[in-house]
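Labels for the chains are A, B, C and D, by order of writing; each one numbers its residues from 1.
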Amino acid sequence: MTTVSIVGGSGYAGGELLRLLLDHPHFEVVQVTSERQATRFVHTVHPNLRGRTKLKFVPSASLESVDLLCLALPHGHASKRIDEFADKAGRILDLSADFRLDDLERYERTYGEPHAAPEWNTKFVYGLPETNRSQLSGASYVSGVGCNATASNLALLPLARAGLLDPERPVLVDLKVGSSEGGNKPSLASHHPERSAVVRSYAPVKHRHQAEVEEQLGLDDVWLSVTSIDMVRGALATAHCWAPEEVETKDLWKAYRGAFKGEPFVRVVKDRVGVYRYPEPKLLWGSNYADVGFEAEGRRIVSICAIDNLMKGAAGTALQCMNLMLGFEETLGLGFPGLHPI
Amino acid sequence: MTTVSIVGGSGYAGGELLRLLLDHPHFEVVQVTSERQATRFVHTVHPNLRGRTKLKFVPSASLESVDLLCLALPHGHASKRIDEFADKAGRILDLSADFRLDDLERYERTYGEPHAAPEWNTKFVYGLPETNRSQLSGASYVSGVGCNATASNLALLPLARAGLLDPERPVLVDLKVGSSEGGNKPSLASHHPERSAVVRSYAPVKHRHQAEVEEQLGLDDVWLSVTSIDMVRGALATAHCWAPEEVETKDLWKAYRGAFKGEPFVRVVKDRVGVYRYPEPKLLWGSNYADVGFEAEGRRIVSICAIDNLMKGAAGTALQCMNLMLGFEETLGLGFPGLHPI
Amino acid sequence: MTTVSIVGGSGYAGGELLRLLLDHPHFEVVQVTSERQATRFVHTVHPNLRGRTKLKFVPSASLESVDLLCLALPHGHASKRIDEFADKAGRILDLSADFRLDDLERYERTYGEPHAAPEWNTKFVYGLPETNRSQLSGASYVSGVGCNATASNLALLPLARAGLLDPERPVLVDLKVGSSEGGNKPSLASHHPERSAVVRSYAPVKHRHQAEVEEQLGLDDVWLSVTSIDMVRGALATAHCWAPEEVETKDLWKAYRGAFKGEPFVRVVKDRVGVYRYPEPKLLWGSNYADVGFEAEGRRIVSICAIDNLMKGAAGTALQCMNLMLGFEETLGLGFPGLHPI
Amino acid sequence: MTTVSIVGGSGYAGGELLRLLLDHPHFEVVQVTSERQATRFVHTVHPNLRGRTKLKFVPSASLESVDLLCLALPHGHASKRIDEFADKAGRILDLSADFRLDDLERYERTYGEPHAAPEWNTKFVYGLPETNRSQLSGASYVSGVGCNATASNLALLPLARAGLLDPERPVLVDLKVGSSEGGNKPSLASHHPERSAVVRSYAPVKHRHQAEVEEQLGLDDVWLSVTSIDMVRGALATAHCWAPEEVETKDLWKAYRGAFKGEPFVRVVKDRVGVYRYPEPKLLWGSNYADVGFEAEGRRIVSICAIDNLMKGAAGTALQCMNLMLGFEETLGLGFPGLHPI
């Protein structure tokens, strides 16, 4: 068994990763840290784990050495304490945004301050298997992905790879997202009577995950816009694109199938019958799938990707990376297909 | 114009009352107080009032004399400061629970401390027009009603009046309620990812509004149980009752029609066709109606009442009482019928 | 009193118009037709009107002459039977898409068949007061608006008028809409277990309302894309635009205030504090407001409009037009401000 | 591998059972029948199974012999065609209500017609492991359970077993349920704009599952009442009970722990801290747990059970029984813990 601990395990992404690890055949969860929840059973915070583990939260000061350390801390903490964590484990998977960007200028522009550990930054691989699988295999340091970045990247990947994005026209990704993206800190904005039924323009411009899309796909005229809707889990990216010239449906099929051939967690969804003809995030709650579909008229292409933001957008992809880091079967522990109806 | 101010107007019930008063032909809202929101436009807290009023919140220390004062303060504040408020206005409508119970022992048992102003308590009329209309007409001091108490009282009134409640059997009122009942203070329990989709046993036993039902209907074997569901406004009371002997549907119709004859805001809803055969709270959002229906088999009777907890359960009934206090037409300012579909 | 009847009054838009007309001081509703529901009380289909009217549906064959006829029929019916209806009333308000487009080629391209009554089409004024008020005043024949077209048109109007749309870049309107837009015919796609919680790419390309935006604003590189979410009423248009050059916030404020100055039902919403900093459709349920806001970075502008699709997007604007047609105060019968919390 | 086919597999319970069986280590799904969907891929109806199986629906006429047949047909079909099905398999698991009641008079009273196959009825074991485990082990014919019956039975089991139900007082079970209980046939009542946000008194009296509770627990003064709320999966039973005399919390703990000791899928949930202090159905979506909790004051006891109606209330318990029938580990294929947040 590979020993693993989660630092900052009282949040939603940490909790989801814990759920997955507890049922994984090759991992043994040793500790879960939380300063605020220390001494409490983890199931008081993650009630779905009642009866599944007797683990209690511990303060990070009592962290023991393990094979792999998962960091699920607020932005900025991982990079500031990275030496401390590297002392405890030879392998690190960081779920935060601290080590996601290679370009340190872009990092500073996006996050408003210089990177706290630039020398460490180069050691981390961006944890999206669909673009970086070979570097992730056997890697020691891996950065998790941004949820909205992942939905955007997977929507755009087939078009970018097949040269179907006109450099003269913008790429506009309009994302619809759930409340779990905001984390577990209550506020008036997240208070149920206020948050319920919203169609809230959360980040019409300047969403931070845009930087991950620019960098992964090498695009510079790509724009993310995020609207929060009444849903807890799930994100749908609707990417509005233009091809250099009119494109036929069969060429798009070829591009999408080509981009995702052999990918265990990407399905191309574009049907003529049934209720679910395009990707639908609710079908993916708890699942690691990213469903990707498209539609086109003339040069205009709408590419659509649905994910569970806590799974393919965070903990699920993280575990997929951990499997790659350690040479396990990539899909291990990620078999839940999602529910219907839901 | 009758001048009116709202003390503690940043909460949900106060905001709803403000909405109603701003469109009322005979009331002029002079001030709305809030310590925390003082100097802000009321529409920053009650965003539906954007463009409808230029009022700003003021601290209660700057309260001026008016014809009628509406108190919408947290529990215990109205009774402790009642002399101060009575100096400002000859008429008071208090939305809190402070003056709802005549029986001071019941008050102490329910709220865990002796009443702060027992001499004032006797001056207040319980503000439910369906039971106390004559005392409310021209009254100077009126207490608002509990939302769940009102749904329960109106469900049970026809049976209690017609002698259709077997004293040997319990009356069990199972209420399904929305999140606005909890007020506007955020907490982890009201955080959208936690509060969404719940069927939360909020008060399986010992709900405080039970005291108002015992007192208004003179029952001593009546029990309220409250479950919170994923809805912002609305309450449905399902009252499980037993008649002394088997009862026919036509006798129930007679009891219900008799109890609510001439009531401008109670409709008896029991249909054989259509989608909405029983009372449905969503149809009442923003409306002052209480819809009441029933079903029976043998001696068992299920009586059902739907309300908007902020309207018939709070601000709407309060305005109905204010109309009665001042001799206005009882329905003035309460004409909104509710929406469909919704 | 001006007499009015509604043809095809069992649908959602017809029902909403009926609700408004029943409370209007100058209109008297004479008949409401429905072939399928004939002889039933209107409140069996529109349950919010229980106790508000004793009207029953009648078949359209028994339609009597009135001052004004409102048509709320499925697409294609109004134009095919327009002579029949014009015999019954000197004024007609048609809620369907039959008479919305001046350009008959665009009509044929959009709706897939030639217009059934081109000679009548020229008599109809497009019923958006914010663009056509003067023609609507005293008009005899008025066409209602498309809900998604209206949200898009009002989002884009300030930019189009102020010359802030770069003709070299596309305008992309990404709409998030509720289930009432689909009407009241059940299907598996609208079945609650299937329709609940969706983020359904309903019309990624080729939404018919695009034609109304092209025509009203004179744009030819504008694209609508519609996603259905878990909401009954409401539409939010997120319009992604590019200005010819970098634009300052104060110039945008000037453009928006200029476009909507004096408009009784458009509010510019762009706040730095509070929970609702941009337009929010849930606050508009039942209200005739269109709330419009914006955000910008460099040349990129995101313009946002929220409406209740059944009100400002259909019945509300229709009544606003009827007030103009008959010389009544434009806001009569449209005073409901919307609710909060909701 | 044990071969298994599902007859009537296009419905929600059949689809859920298919999801479970596809991931079960010892079952091989051979056929899934549906007359209406025959020749279509099962994932067009159960979209969560996209990429998980290449099975297509077949008509039941082409049913082949297998080790075990699961019947998921509408009420009445299984009993009328039982000989036909028994020819195809030595073991049958029937999800319908046809073989749930031992007492044929109760059956006729409940379902309005005599039983179609009384001689077969005696061969079927009621498939609730928590009451009938020993008979289920190795059984050939097992009947599935009613969802609302199961939530009620598990809420009441500890009290019934411990003699804590006063025979002089009624037991009233008030259930809150989701829309998936109604199956996958669309109607106006299930149309999203109508069904959304409801608190619909679906069966205030005379719910058919009451018969299963009477029979399993031997009670004759027990009453079910069902209210539909805005949720797809999940049922919460709130059982209002009276003890013969005042009861202490520790005695209730003893009764609940005693009743469910060693039960792999029942958890007693009653906490003093955290957001989820009582059973909560949303935490169980996709899981086979039944969570049971309680509260008491004096002689009054409120017992609460949450389940996923398609899992512990149907397909999950069915698979639990199939594991028992075949001597597999009882929990096999039922390991999913449920999600949080959700």
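Things worth noting here:
We adopt the following convention: contacts are C-beta pairs under 8 Å (C-beta built on N, C-alpha and C of every residue); 3 or more make two chains touch, one makes a residue touch a chain.
Values in this document were obtained by computation on a predicted structure and should not be read as measured data.
Taking the mean Cα position of each chain as its centre, B sits at the greatest distance from chain A. When the C-beta pairs in contact are tallied for C-D and for B-D, the bigger tally goes to B-D.
In whole angstrom, the spacing between the mean C-alpha positions of chain C and chain D is 46. Centre to centre, using the average C-alpha position, chain A and chain D are separated by 35 Å. Once the centre of each chain is set as its mean CA position, chain B and chain D turn out to be 38 Å apart. Contacts with at least two other chains are made by residues 12, 180, 184, 188, 193-194, 196-197, 230, 232, 275, 280, 341-342 of chain A.
By the touch criterion given at the top, residues 12, 178-180, 182, 184-188, 190-197, 230, 232 of chain B touch chain A in their complex. Residues 12, 15, 19, 22-23, 40, 44-52, 180, 184, 232-233, 267, 269, 271, 273-276, 280, 283, 285-287, 289, 291, 335-342 of chain C touch chain B in their complex. In the complex of the two chains, the chain D residues touching chain B come out as 169-170, 172, 174, 176, 188-189, 193-194, 196-201, 204-206, 223, 225, 227, 229-231, 234, 236, 238, 240, 242, 275, 277-282, 293, 295-297, 300, 302, 304, 306, 341-342.
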